[in-house]
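Think of it as A, B, C and D in the order they're written, each chain with its own count starting at 1.
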Amino acid sequence: MTDNPARTARLGQNQYGKAETRVVRITREGELHHIKDLNVSVSLSGDMEDVHYFGSNANVLPTDTTKNTVYAFAKEHGIASPEEFGLLLARHFVGTQEPIRRARIRIEEYAWERIGGPDARHSFARTGGGTRVAQVVHDGERAEVVAGLKDLTVLNTTGSEFRGYRKDRYTTLPEAYDRILATDVSARWRYAWTGAEGEGAPDWDLCYRESRRHLLEAFAQTYSLSLQQTLYRMGARVVESRPEIEEIRLSLPNKHHFLVDLEPFGLENDNEVYFAADRPYGLIEATVLRDGAEALIPADLTTL
Amino acid sequence: MTDNPARTARLGQNQYGKAETRVVRITREGELHHIKDLNVSVSLSGDMEDVHYFGSNANVLPTDTTKNTVYAFAKEHGIASPEEFGLLLARHFVGTQEPIRRARIRIEEYAWERIGGPDARHSFARTGGGTRVAQVVHDGERAEVVAGLKDLTVLNTTGSEFRGYRKDRYTTLPEAYDRILATDVSARWRYAWTGAEGEGAPDWDLCYRESRRHLLEAFAQTYSLSLQQTLYRMGARVVESRPEIEEIRLSLPNKHHFLVDLEPFGLENDNEVYFAADRPYGLIEATVLRDGAEALIPADLTTL
Amino acid sequence: MTDNPARTARLGQNQYGKAETRVVRITREGELHHIKDLNVSVSLSGDMEDVHYFGSNANVLPTDTTKNTVYAFAKEHGIASPEEFGLLLARHFVGTQEPIRRARIRIEEYAWERIGGPDARHSFARTGGGTRVAQVVHDGERAEVVAGLKDLTVLNTTGSEFRGYRKDRYTTLPEAYDRILATDVSARWRYAWTGAEGEGAPDWDLCYRESRRHLLEAFAQTYSLSLQQTLYRMGARVVESRPEIEEIRLSLPNKHHFLVDLEPFGLENDNEVYFAADRPYGLIEATVLRDGAEALIPADLTTL
Amino acid sequence: MTDNPARTARLGQNQYGKAETRVVRITREGELHHIKDLNVSVSLSGDMEDVHYFGSNANVLPTDTTKNTVYAFAKEHGIASPEEFGLLLARHFVGTQEPIRRARIRIEEYAWERIGGPDARHSFARTGGGTRVAQVVHDGERAEVVAGLKDLTVLNTTGSEFRGYRKDRYTTLPEAYDRILATDVSARWRYAWTGAEGEGAPDWDLCYRESRRHLLEAFAQTYSLSLQQTLYRMGARVVESRPEIEEIRLSLPNKHHFLVDLEPFGLENDNEVYFAADRPYGLIEATVLRDGAEALIPADLTTL
């Protein structure tokens, strides 16, 4: 590390790496093929004063190399899960490059299902229903694993109210006794596991599947007095059901479906015809924590 | 209609309407709810010289009215299928507005599946696997119905070659004996049905489901020597299996998955690790017609 | 060419090529650098029955080769304008590959402006204000050049009415005596030039610049009774001002800006505060032709 | 506030509001019109346990009301700048709603330029060159103002190297002695101003204009040994030139432009023909701070 004595402008937190390396890994059991389809973003931090102040790249492993490493590791280690793959990568960068003190690996996984009839063994279609995400941070001592999903669009056609709210001079909203409630679920949950010696790792795939199921069921089964309440129930269900998970943060846009006024046409609209609006939308965000856990997921899942 | 005598610039084909009206229609069987979620675009043509030349709106039904009509019809008639709903709208505009001679209705339908466990009756999640589309044109005498799908991403991990092609000074591509073949299926098929009196209409939902199935199966089951061959087989399967359909046009981007060169790292890549590229991509487009049928679907499913 | 005797499904119009090849070409006058930044899509047609019916690639020049040709031509010929570059490519494919009978080249050009102060000679920022587009089609005998622009967003804060329109049972829109008129201009104009021997080519850059200017001025200077009238004036201005141009097609979304009702808050809204809506939007499309010219630009600039 | 005694799942940080309210404000000096075009997102925090735990909305000002407030304030106060408008809104929510303890207002401003010739007084076209952004946070005592820009794409055709970097088993990148350097600038800077009594506020528009100019000039004028170095110089220039600014965070994707290998075609590529790649891309992020200042801008300008 080198000082920057003469300057009033000093370097703060910094990170760099290759973003959005798209890797597809095929494995074969005889004629039966399996596919893993990831989007991997690497972000490294460490002794990087010299490159910022003086342009010296002596401590800089090229982002091109981090991309190559993703591909090579996909071959050498396979891809068991995004969490597992992210841990391998994070440990590698911190463990083999002295100037690198911290690695953050972010991964999106796209899901595929088999097509082509009962005999199909190597044909697939991309599924919807949200994208699985994972983030692994390793600083040489501890790992932190955050997993989640995004772009999972859900809707209840009834079982949702919104009333009894605060009113001021600018309030015109009528109370709603039966409305559509729709949102795009974006969730991130943090595992208690820190990778300490002897600490058994969670079953990442099982935890993902179960957390996703709990989120969907809590959304569907909550009679909702507000989207905040639904959010809390979704988060609480995950924390209460999965002991591996310390906290979860949810960002839920309220995708408004407005009842269309059909009276001018002599028609009654008995909660049958809705206009699905784009913007503006409500945005409800909160963290739900296991009692005693620390809140480590940043408040902001969206861009500043 | 009014002439435009003094001008060298004359009006040609024109159309107008409200695009992307988002309508969600809920129906109830007791506590069991059903959802139809459409994006409807209306385009009207007719005696429109005066509005273009002189700004006289006497023949112009406002686009706001076409939007209102979508909502009112959703209530009055329900939404049996996008084709049926489009036909109702197209006939209405041409049949009730004298200056309107032709109506084109384009519809996207978004699919939802039930969530929340076995007791869930009014909770849904948006599915992936492509978007259903339909276009209805009515000119007062005949109807033309084109249906299809888009954004259905499929991939074969093997069973695809590309060799024996033409070479020139700029050809560097090595022949491929076993490659990934992936594409986003965009398909539009035209029904023979024209709405003549006594002519029974196809079962739109069944035709859609079956055509989609045939496209997927033909993609999966074709040993591919080129994407053109796969495209033809997909189209031919639909035409040969569904007598209701006269022609089909397919637009298939070749979503390249390049084998990563792992040799510099001392690793062999036995068709295991691929880079999924964004741009550029191959683009293969063709119409497949029933013998004797006329080609009426425009060559261009993409923007000029 | 080979027949397809046994089939009921016959091949219709087809085309293939590499889409969205992103080429950046730098030229230097001493230390002063110039940049051309294009997105090139190649589409070839010809004797392609065998590849569709039987997977024989003998007539198929790989799309990878068409990509390579774009890069090689950028070096060998430079990029004078998208129209000129498209003509070079189209003539090359048809002229050198016997099975290729028709080539269509579509190009987007992204504009850059110089930054960095008066001494800056090789620094640039991307500009907004719409994207220039061009399409060249060559069939071995004639060329057809269509040029245009898209995504040019314009707005008049006054000078626009909409009234005197047709009303039916579903009409609720109040007449507007002073409204915001805003649109994203998408325009395509066709040149009379066909590349016949001895026929002088238009000055493509000048025609583009002037057509763009006429579109903007006609939009700004027309007191608008309807967007159709504004559209016609924009198109007519180009046809009347540029003798090189035979026809122009415009696709103009009516980007609604709704006056917000401030009365509930005891405030008057004297055309001061607007809500800029996303969807739905009006969509007005028309061709304007020089008297005697044929309409060759497809009606549909947007996707089916 | 209410306890949640029986639960293992406790509420953490939370916020809610209406996102992406699109407001356009017109002002008139006689026939000369001015336009302000904003996208406003409101996020409120405070005593919100009851709504999450029990669905009681007694402390919840509806997001619909926050939208109405944006429109009403646009009328009542005008829009001097995004920073000023954000401060008005933030102070209003915290100052008038007892349960609201903290308000965060995020604003995007879209720029327009006059069109239509010298006499044009009410016609505009949207400009490119990046989007201005601002964020105001107010907690009843202090204000924090962060301003910035995003999506400003810049490119140097020369004056950039990348060599002398660290190499490992996975490094294949050749050193570059003269490359294109291109990025989309995303910058956020924090003002020292906290809104204390008697503290004069910065001239927000001037600071924005000047910071933008410094960023562009530093990018253009830095001979770059790495994008990290360029980033630091851009940030340092702002901090050193604008005493109002305490820190700045930059997120700079390295938009790779790869030299195309033309040798197979017998052509030399003397830094003339480039392929502009989409993904993956390098991503360089860092904060630059005034000596003694605290780093308060979050490390992550992008989504988790």
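One rule holds in what follows: a residue touches a chain if its C-beta (ideal position, glycine included) is under 8 Å from a C-beta of that chain, and two chains touch if they have at least 3 such contacts.
Since we're looking at a predicted model, the values are computed, not measured.
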Problem - Label of the chain whose CA centroid is most distant from the centroid of chain D - result: B
Handout entry: Between the pairs B-D and B-C, the one where more C-beta pairs touch
Key = B-C
Exercise for the section: Provide the C-alpha centroid distance between chain B and chain C, rounded to the nearest whole angstrom. Expected result: 22
Problem - Chain centre separation in whole Å, for chain D relative to chain B (CA means) - result: 38
Exercise for the section: Measure off the straight-line distance from the CA centroid of chain C to the CA centroid of chain D, and report it in whole Å. Expected result: 31
Exercise for the section: Give the residues of chain C that touch two or more other chains, as numbers and ranges in rising order. Expected result: 22, 68, 72, 170, 172, 264-265, 278-279
Problem - Of all residues in chain D, those that touch chain C in their complex - result: 22-27, 33, 35, 37, 68, 71-72, 74-76, 112, 115-117, 120, 122-129, 152-159, 180, 216-217, 219-221, 257, 260, 262, 264-265, 267, 269, 271-278
Fill in the blank from the handout: As the complex stands, chain D meets chain A at residues 7-22, 41, 43, 48, 51-65, 67-69, 72, 96-97, 99, 106, 133, 135, 146, 148, 162-168, 170-173, 188, 224-226, 228-229, 231-232, 235-236, 239-240, 247, 249, 253-254, 279-291, 295, 297-304
Completion exercise
Within the complex, chain A is touched by chain C residues 169-170, 172, 264-265, 278-279
